[in-house]
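Here the chain labels run A, B, C, D and E in written order, and each chain numbers its own residues starting at 1.
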Amino acid sequence: MASFNLKNICISLSKLRIGHAVTRSHSNGPRYRPPYWFASKERVMTNDYLTQENKQFVEEVMKDKMKVQAELESPLANNGDQSIQQWAPTTRRVGVIARKIGNYPIWSKDGKKMLATLLQVVDNHVVKYIPPEEFKPMKTCKVNWREKRRLGCLLVGSETIDPSTVTKDYCGLFDSVGMLPKKHLCRFMVSPEAVLPTGTPLLATHFRAGDYLDIRAKTIDRGFQGVMKRWGFKGMPASHGVTKTHRRPGNIGAGGEKARVWPGTKMPGHMGNRWRTLRGVKILRINTKHNVLWTLGVAIPGETGAMCYLYDTILPLRKLKSSPPFPTHPPADDLPIEYYDESIHPYDNPTVTYEEA
Amino acid sequence: MFRTLLNKLSTVPSSCGFHTTACLNEVRLLTRLRVVDNSEIGKRAMAEGKPPKVICVYNKKGVGYIGDRVMVAIKGQKKKGILVGLKQTQKVKVPKFDSNNVVLIDDNGTPLGSRIHVPIPTILRTVLKERTHAKGADYTKLLAIATRFV
Amino acid sequence: MALAIRRTSDILCAARWLIRRDCRVLSTLPEKAEISQEVVVRRPAGRRPIANEAVLESRHIYPEFLPDPNPDWRNSLREKLERADMLKRRSQIDIPEFYVGSILAVTISDPHAQTKTTRFVGICIERKGCGLRAEFTLRNVVDHQGVEVRYDLYDPTIQKIQVLRLEKRLDEKLLYLRDALPEYSTFPFDMDPEILPEGTPVPINPVQVKLKPRPWLEKWERQELKGVSNIEEHLKGKDRIRRELRKTPWEKYDLMKQYRKTIPIEDQSEIWAEVHNQLQQLQLSRKKMARKRTFTAPKPQLG
Amino acid sequence: MNQAEVSKLVSKLRIKVPAEPRKLRSPKGPEGRIDKLRKTVTGLIKYERIELNHNRGDEARQYAERLISEAIRYGDCHKPTMDVANYWLLEKELIHKLFKVLVPRFENCNTAYTRMLNAPRPLPSRVDDKVVLELRGNPYPSLVNRQSNNRLLIQNVLLDAAKYDYRQSKYAEMAEKIGQREEAQALEKKSKEPTKESSNESKTPEI
Amino acid sequence: MKHQILFLSKTIFQNHYNKVTPLSRFLSTQEAIERRSHLFTLEKKRQAENVGRIEKIEVKYKGVPNDCTLVMNKGISTPYDCARHLSEWHVDTSALALLDGTVYWDMHRPLTENCTLELQNFTVAEPQQVNKAFWRTCSLLLGACATVAFKDTVPVQLHSFPGPDIRSGSFIYDIDLPTLPDWKPTNQELYTLSAEFVKLVRQNLILERLEVGEELALEMFRDNEHKTKQIPSIARNNGKVTLYRAGHHVDISKGPMISNTAQVGRVTVTSVHKLIGSQDSDVKQLYRFQGVALPTNVVLNHFAYSILTERAKKLNPARSPISFATDKEDFEPESIAAKV
């Protein structure tokens, strides 16, 4: 009898599945695990007490290396087997890293003025591909919805920099694939068929005029702001007996059982400097010489000079309908300098006139 | 006296305490308008120096724009009118006038006067055509009595 | 009344040209005087001869080619692309040289008008914005109703910009015309273009306007306007006191404030080196066209 | 986007100018700010090396640079410049110094006219950062460590040898390339284009 | 004291006695090192006891913070002790001492007479001698780390290292690995060697100097046939051999050396090249270990340092000790030509 009880207890205990129990202790391991390629970049700059000639020499070596890097040919240029991979509406392509360089107006063919934001695709190269089997993304505290299809991770870097300005760890990331370090690094989740070999340059022609983008960037850092600027509260009147509460939030909650500040109450605090994504931005015009994209609207996060990550949009009605350059547009010399969306009036076209109805 | 006043005032930072932005010149409730047609009532109101006041703007904003219908109080009566020129800053290529102009109409959209004696913006043509529906009032009659478009 | 004024001003202008053609020394126009003084002074100093002085002068004619001086917004590539687009547009239509105070006629394609084009004549009271955002405002009094229209300089719906009278006024902005008597901003729509003889500098119209009594749209008395004659008549004692209090005499000496508003010479010469040749060519072709026009239809006024 | 002012021409400063001016707190408002800076600029021109708080030093530096660049650009016969110098220099004999001493000194200078160096703080305290602001070419002993020119330090010796080595290999490679090209020319009598290419290649060193 | 001397003489005697039997040739590397170190300690102690009555000397210090005169013990006090009287900074940074403006003296070598003293660190105006001492020390340490890096099954016979030539780009040590006729180190192995080097350096070992007689030297290096052959030629002049010890590792060198291994900062063992001996030399092949290092207080950005490491991978052009059998007179390796 006793042994039977013991057996039962054992069985029930084994069903408890202790391996899956959630324990709220600190021994769970860190909540945040940065990816292995996340090496710190900034280094403390020191005075090396080098003579002028030696400084020049170090610079010369670096320039030579940069030159070699710049003269590397795109791996896509001369192999035809890439075309075997076919684009399907479910495939996810790689994105690019661009810099926001300002905005200016552009007119449509019916004479309407639109403000366009200029995004320059600066010196983008594929650094590394991590196939889905090996890719172990960062652990976050949130439980993510399970990805149906497994995606690989493609690291893309932008803007080659002087290796001596960054840490050796960071350089090591690029050394392992035989490149010079890049100033900006971004990870793009791609379908395994959209994979690109290391060293492939990504250009503005990766997208087409008329396509839609999702743009991810950091918003302008506005510092600690009050509720009027941060949340658009109305404030209180300037006069009529109001004293010292012209820009204050007023009431932040009721008494009684709810006598506390509810989570999520809009209050003063730090504004900006957050990652935000603007979805469904149309490309109006592309310059292939300088790799500049003109996109509709001025709501792209960040100030002039901020770095943005451009993806194909995921909005269902604006998704790609026909095959884009896949996996990317190979570099070519004989492209026209400018591509325009059909609604855009190029500046060198004659004046807009209207037909009499 | 002057010196003390100067000293008193100069300690105040000059950047706060008063508005430095231009006023918006919006047409809202109780804005005085200028009647620009030759309707009898309008002419008399303007001549007496009692220009009409807006008592209702027929749109959802509460601020009147070009082509909006407004109800005005004019010489003790309620009349409807259409805004045909505004003082507030306009979009590019849309004229901005030195006064807020109104043309009085009746409920069917027929103007009370027979002539508008100031220029009216061409964009009004498109705006009024959009506002006119087959069964409702016909505002385009207003365009017929205009003398000049800019 | 308006007509009379126009006539008198025409006569005045004609007289001025005559005088200038004969003896330029007599010219007492303040701005020109200042320029000549500068030139005289710079020679003996002669420390840094500026080779492209003439090129730099085009900053007055094409101010919109200079970018916004705020360093946070500047980007050399954006500016370059913008200038290229501006030149492309300029190759399509002739955007003439004009200043605040010039009288312009602008024809635009207008989908709302019956003939699908609209023409407006008026005095340019303001030029602002840089690059493709450059815009100017024209003001006129039509049927005793003041009308102002703002245009984008590089708007592709603009069919033609014609300078009817090329001149400058005493002030940078003529916004006070809104508070001036209407005859100062009344111009007929059928005004004939007056063509300056080649090589003459742009005349400065020394006319001083009379303001209407208060209320005014702005506190004109605090702005040190040169083109207003009767500002003191309308002021009360308290206005004068406040004007004294609000004066900022030190701003004249705030060297960094000036610096932050301007584009330095080194940057400017780069910009002009890039665009000056093309602008010159455009100007030449425009002159050729103008000459052709004058041959075909000589103006009786000038004869 | 605002239009740049065209009535004045200014020379470009060789220092970094922030987009916004700093506010120096003063009970007299903006006038007090300028007054403070006038005193500092006068002191800088007079003593040629001064120590002060970072904020004020950085602002005053910009004004001093502007003043000197104006003086260089327009010389002492230009009335507006003289006026500006008169306003900024509280001690009038310094006007003479500005035009007769500093202008010749900086006339052919390609760098900034002033130099700003961080000064040590006596204790880790909440005191503002201190800087030393000086005119270049002043008669005082230098503040920066001159050790960077010592060719005998071990890192310099090593790099010097490495430089020699690197250049040798580079020249050797170039010579080899040229030799190859000559051979190829002699053999095949190629057209000009490929030779150009090869000459380009010959410059790329082996790394 | 007497007891100790007795003990020492006894051990020496015993060692002499052992020398007859070639048994000690088969000591493992580790044991050999410890034995050598033990002998070194004993000899040092003996020499210290030989000093006798303590006499005072006056040492005139020149340099920062100000010039001063120190009264030290003759034959006992070292420049290191003088530095300890001054400040911690002097202790940590001084690599060499300059006596009377001419003689470069080890920091741990006892002073023998009145003199002026200048302490030399790596940033003095004329650092050639300090750099040389640094380079020499690195060579010595490279030998030390190479002996401990290999497993016991691989006997390591240190051969020698040539005089320091910084312009050659690398410090070297020629080592005989008799059981590895054809070895090419992988990158991982080089990393390991570098790690060993760093481990050694991080122990903050002082470099002790000792002059011993030829016999004792032979006794100490009994298990190393190359050194045994070199010792007679070194001791040809005055019958003395200069030894240096870092930790347990004892090696022959002329000196001077830097004060402490903590003064070695960044270090990389870059490559190992094979040297083939000429026909008539008795050693057929050696391995040349090469490395590059910088002192602790020298900061160099990693890119410039990578240029140095790239260069240090090439074979050092210093003469191979085994290929020039004919003109042996010219060739004097540093570790062999140990003269004072």
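A few remarks follow.
One rule holds in what follows: contacts are C-beta pairs under 8 Å (C-beta built on N, C-alpha and C of every residue); 3 or more make two chains touch, one makes a residue touch a chain.
Please read all numbers here as calculations on a predicted model, not as lab measurements.
Hopping across touching chains, the smallest step count from chain C to chain E is 2. Counting C-beta pairs in contact, the pair that comes out ahead of the other among C-D and A-C is C-D. Among the remaining chains, B is positioned farthest from chain E, on the basis of C-alpha centroids.
One finds 56 Å separating the Cα centroids of chain A and chain E.
If you average the CA atoms of chain B and of chain E, the two centres end up 98 Å from each other. Taking each chain's centre as the average of its CA atoms, chain D and chain E sit 48 Å apart.
Separating the centre of chain A from that of chain D, both taken as means of CA atoms, is a distance of 36 Å.
The set of chain E residues that touch two or more partner chains comprises 123, 298, 300, 304, 307. Of all residues in chain A, those touching 2 or more other chains are 47-50, 54, 58, 61, 113, listed in ascending order.
Touching two or more other chains at once are residues 72-73, 110-111, 131, 133, 152, 155, 157 of chain C. Interface residues of chain B, counted against chain C in their complex, comprise 2, 5-6, 9-10, 14, 22, 36, 85, 90, 92-99, 101, 117-119, 122-126, 147-150. Those residues of chain D that touch chain A in the shared complex are 145, 147-151, 153, 155-156, 159-160, 162-163, 166, 204-205, 207.
Chain C meets chain A in the complex at residues 72-75, 77-78, 81-82, 85-86, 88-89, 91-93, 109-111, 115-116, 131-133, 152, 154-159.
Residues of chain E touching chain D in their complex: 122-123, 125-128, 131, 134, 166-169, 292, 294-295, 298, 300, 304, 307-308, 311, 314. Contact residues on chain A toward chain E in their complex (touch as defined above): 46-50, 54, 58, 61-62, 162-164, 167-168, 171.
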